[in-house]
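Take a look at these structures.
In what comes next, chain A is part of two complexes: it sits with chain B in the first one and with chain C in the second one.
So, the complex of A and B:
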């Protein structure tokens, strides 16, 4: 059964491997996936540990429902202290890795130490082996995966790898599986690189017994029907996430020229329909693919249509690549977006961070803060597609002064560039924001300011805020499973009720991350999708464990609090621009210059923003400084952390 | 349900590679999630974006039936399928070796061969495949449905040519 999947502690320095069961009482407190990872990180790392040192534990997991007969349980979660932020490092990706790891017998890996030489871990039906990676080191993400398959003589092996960027300790190097499934954020690839760990390869043929198979099968069918009937998912299934970029750009919600504009003009060539056209032209009418067990199939397939890399196969691009290689640097060619996407996939870098940080450098270049001498003659202007793509490569291989600085992340780079370069960096907690512009949407601004892994949309974004849903509907969604008696507003430009929505979404996303399912299967983009009310049944039919919606809510709250405890331990302070829940001054000072009538001319009102943070803290049970109140820790059973249950 | 002469019709082009068919097949038959128990498997060429679901073709002149030394494999005309009689099966795996599609599997946990039984007329892979890469249709219709798909492509191409010329 899913609950007999184990946890393995692997020490790469000594080669010691210890396997333990995951006790039921731990499951009842943290479920699995990201929540249990957070608990393990807090318990297995020392305060102030070097993110690129041997003592930083790299934790890899699937959720409690991974590979069971629930819908879209494909997500792999990776956690460690982040080399980019010095705070919580956490990333989540689709594909086929976590299910394979579960069939091979494991739900969680805690990897410590540093291998003497390049190595990879091979897990096969309960057996764990540390192997020499001399033939794999240096390879791109896909070449590395195929080389492992050839070496193990098994084409069914699924691997999680770091690319050349991870080996070069680029602070935002990602981990990847398959062609383009990326655990993008917070530099987990660099943590792998620092451990001389190129890959984790899994192959499993062990049963995961389903507690109530007939019911699980029937409920899965119902669940899938609910998910695929949501219009947003139907659109995702044809256009993929680019449709979000297109929609957001239409009203003025995407960053352009770093942060100078909030809408990308002349974007016809990178609109979702155009990208879809290229996919169809190069891959035929059926060019969407899916992660394990998922019927949304939001991943497009394409071949680069023109230019020197013409014909190269890749998947995506996600809307983050439209932002990173389109809007932000103001390069509005489909070819550039598709090539940029391909390069970061192959090198193993976070497309979001890459696009964001290069756009920042472009702004600095145009301001004269960095010069062509610094860039070795590269004309790093906005709209220079060639310079953008050249920079991607330079960052991966740390070529030249500017790229080498950028490879350490924005905050470190700003110290090297000096002057007022930091003022232009659109980041929270040291991690660049994605391509979205939140100046007209206070709820979304609160989300990026308080997200536990830094500026990020997948931790607590109340995305349905943009749909102007009637207040009764909002009350129905946000008033469950725990009552909310405050006001909610249908207006995305409002401040009222947003702290509760962000708090609610934070718990909702933690919930799916613990279960190991995809956010397209919950209240993220679709208001009608399953959440707390529906999860107890899925859990019961598949694992036999019984929970109430309220209990699941409390587990999510607890896991979020563990992440908070980790961040506080590592130096999070409320108003700190580098390590706090605070936005760059430009959100408050520079009004938006484009967009729909209710969007243009907007800034975030700082006073109201501060009050939102206060209210958000109140909901979370934190004091005004953002630290948990004693009664909150007591209520969540966290007075004794680290408690070393595992 | 009228099942006589119904067959699985697989259109690999439509397959998204999600392998939900493998999951539900294993859960339906064995109550466990484990693709190695699945009667249908998706073969992949990831670098080309090609996914091809493979399952038993329920052959008219089935090599597995011919090779079986124990006479354990027979044709069920009612459901238009080839089935294994486990009381007779000696587990020699000759059928696994001879099947041209790799559709006969051997389960090393239960030490038994296994193959698609069309879920006795309600194939779960079909039920769960939203993109209809796997369908359950009258054998007589397979060719006409394929013709229609092919014609659609020809039509689209000629339409595009016409547009370009215009």
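So, the complex of A and C:
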């Protein structure tokens, strides 16, 4: 059965390894993936533990449906306390690693301690060993994976690695698998580096029994049709995720020059169609590929078309790299975007954080808060492509005063830069914002303010809010699986109903993260994609577990509350600009200047925003301070946490 | 058992509302329906006068590639000036 996949506790200090089954009652409360990881983190970490210390547990998982007959169960999740934020650390990536780990016998790993010397973990058909990584330490993410395959003499091994950035404890270092599958945000690669853990390699050939295989395959055909017929997925299959940046830039929803503008003008060279042309020119007409079990194929392949790195192969770029190396620093060259994307993939660094934090430094440089003396003569102005790419390398290897400060994250760097540098830092809970600008979209602003891992579009963003769907359609989506009798607005510049939409999306995204399915297969960018009503069928046919949509909703609520409990334990308070559910003052004070006529001149109304947070807390069962009410914890069965069931 | 294979979910039932060949103007409170002719590389919103460059995913599936910069920039500057005067 898929449900016989186990959990392994690995202590890198002592070398002890313990393997346990995952009890069914734990599955029924947390499913798997991110939800169960959150439970494990709360239960296996002490309050105030050092994120880069040996006691911070690094938790790696696949979802409950990983490697079954369900579609797109490619996602790997990694969780620990974040060295970037001091709060919840979490990242999620596609590729082929999690299915391989499931075939090797495991759904969850809890890794504690610190190895005496660089090491990697090898998991093979139920066996786990800790091996010497002297031959792979120091290598880039791709080279490290190829070296492991060579060392193990098995080209089918799938590895999860940190790159040089993780080894150098860059606070936003990624965990990577494959060429470009990036577990970005919150610095999980640095947690690996702090443990002297270069990689986790998996190879598995153990069968996974499907509860109702014929029905599972039959239903999956219908599921696939639902996925592939969506207009958004047809577009993604042609242009990849860059289509998101292109559309958002068109109306004025992307940050440019840090936060000075909300549209990157004359960006034709980095628009998705232009990037697609380069992919076709360098890789031929069939340049789109996909993750395990996915039919969307949103992953482009390319070679850098010109310049010093001409001919280097990579994948993507994702829309996040267009923002990081295009819009935010106001560099409108496709080559710069493709090179920047390549560098962060190879170094294992979060493109979102890198782009945001360099753009912040560029604004500080232009304001005179940091000087050319601080940058060792680097002319860190907006639009300087070479300075941008130079800074990527400097941050990874901590070269120079400014880059070394930036490598610790924005909040730490602002303390070094001093003056009023913090006022210009676009972050929530210590994590930089996506390249998006939410001043014209209150629902999206509420999402980034309240997301559990910091300013994050993948935790609760009501992205379909941008489509102006009719209210009856919104009611059909947001009125299930639990009724909602309040108002909903088709207007994305409005405040009405947005707290419920954010609450609903928060539960929806937790749901797919527990199942191990990609977010492009749920109500993220498309209104017709599967969610709570569809998931019970997939779960039943594949695992035999029966759930109602309402039960799955409650599990998602419970898992989100566990993340909240962790953050509260580690110091989250409602209005704290460093550790709270609050936005930078610029959202409230500086009007948008570009984009569509109805977008310009917008700020977030602070009074309405505060009321939205109150309402959002009410939906979640929190009090005015953002702490769970006693009756909420009782309803969700969380009164005794940490309960140490596993 | 909660599973009813024949029952259509809310998300599935919304598929009938899908349209091809059209898209909405990117101006939020306008959202006029735009329907470029096959092969057109440019479209103008008859409601708010914003102009967009058009790309085609398939022969029957257009999307907005981006704004016509000079046109929409002037509209934005005009709107910004008006809004700031009102504050």
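Criterion: the second predicted complex is superposed on the first by the 646 of 646 C-alpha atoms of A that agree within 3 Å, B and C clash if a C-alpha of one lies under 4 Å from a C-alpha of the other, contacts with A are read in each partner's own complex, and residues count from 1 in each chain.
Heads up, the rule we're going with is that a contact is a pair of C-beta atoms (placed from the backbone, for glycine too) under 8 Å apart; a residue touches a chain by one contact, two chains touch by 3 or more.
Quantities reported herein were computed from a predicted structural model and do not represent experimental measurements.
A.B. asks: I'd like to know which partner A:486 touches here: chain B for first, chain C for second, both or neither.
C.D. replies: After superposing on A, A:486 lies clear of both chain B and chain C.
A.B. asks: Does chain A have more residues touched by chain B or by chain C?
C.D. replies: Counting residues of chain A touched by each partner, the higher count goes to C.
A.B. asks: Classify the contacts of A:15 with the two partner chains as first (chain B alone), second (chain C alone), both, or neither.
C.D. replies: A:15 sits against neither chain B nor chain C.
A.B. asks: Considering only touches as defined above, state whether A:266 meets chain B (first), chain C (second), both or neither.
C.D. replies: In the superposition, A:266 contacts chain C only.
A.B. asks: Classify the contacts of A:468 with the two partner chains as first (chain B alone), second (chain C alone), both, or neither.
C.D. replies: second
A.B. asks: Quick one: classify A:418 as touching chain B (first), chain C (second), both or neither.
C.D. replies: neither
A.B. asks: Output check: A:311 vs chain B and chain C. Expected answer is one of first, second, both, neither. What do you get?
C.D. replies: Neither partner.
A.B. asks: Between chain B (first) and chain C (second), which, if any, makes contact with A:598: first, second, both or neither?
C.D. replies: In the superposition, A:598 contacts chain C only.
A.B. asks: Quick check on the superposed pair: does A:291 touch chain B, chain C, both, or neither? Answer first, second, both or neither.
C.D. replies: First partner only.
A.B. asks: What residues on chain A does chain C touch that chain B touches too?
C.D. replies: none
A.B. asks: Per the contact definition, I'd like the list of chain B residues that touch chain A in the complex.
C.D. replies: Against chain A, chain B makes touches at 13-20, 23-24, 27-28, 30-37, 46-49, 51, 108-109, 124, 127-128, 130-131, 156.
A.B. asks: Could you pull out which chain A residues touch chain C in their complex?
C.D. replies: For chain A paired with chain C, touching residues are 215, 219, 226, 229, 231, 234-235, 238-239, 243, 246-247, 249-252, 265-268, 271-273, 440, 467-468, 473, 476-477, 480, 491-493, 523, 527-531, 533-534, 536-537, 540-541, 546-549, 591, 593-601.
A.B. asks: Inside the complex, what are the residues of chain A that reach chain B?
C.D. replies: 67-69, 96, 103, 142, 146, 178-179, 205-210, 213, 216-217, 220-221, 224, 228, 283-295, 297, 301, 313, 315
A.B. asks: Would you tell me which residues of chain C are touching chain A in their complex?
C.D. replies: 1-3, 5, 9-15, 17-18, 20, 24, 26-31, 48, 50, 52, 55, 57-58, 61, 63-67, 69, 72-73, 75-76, 78-80, 83-84
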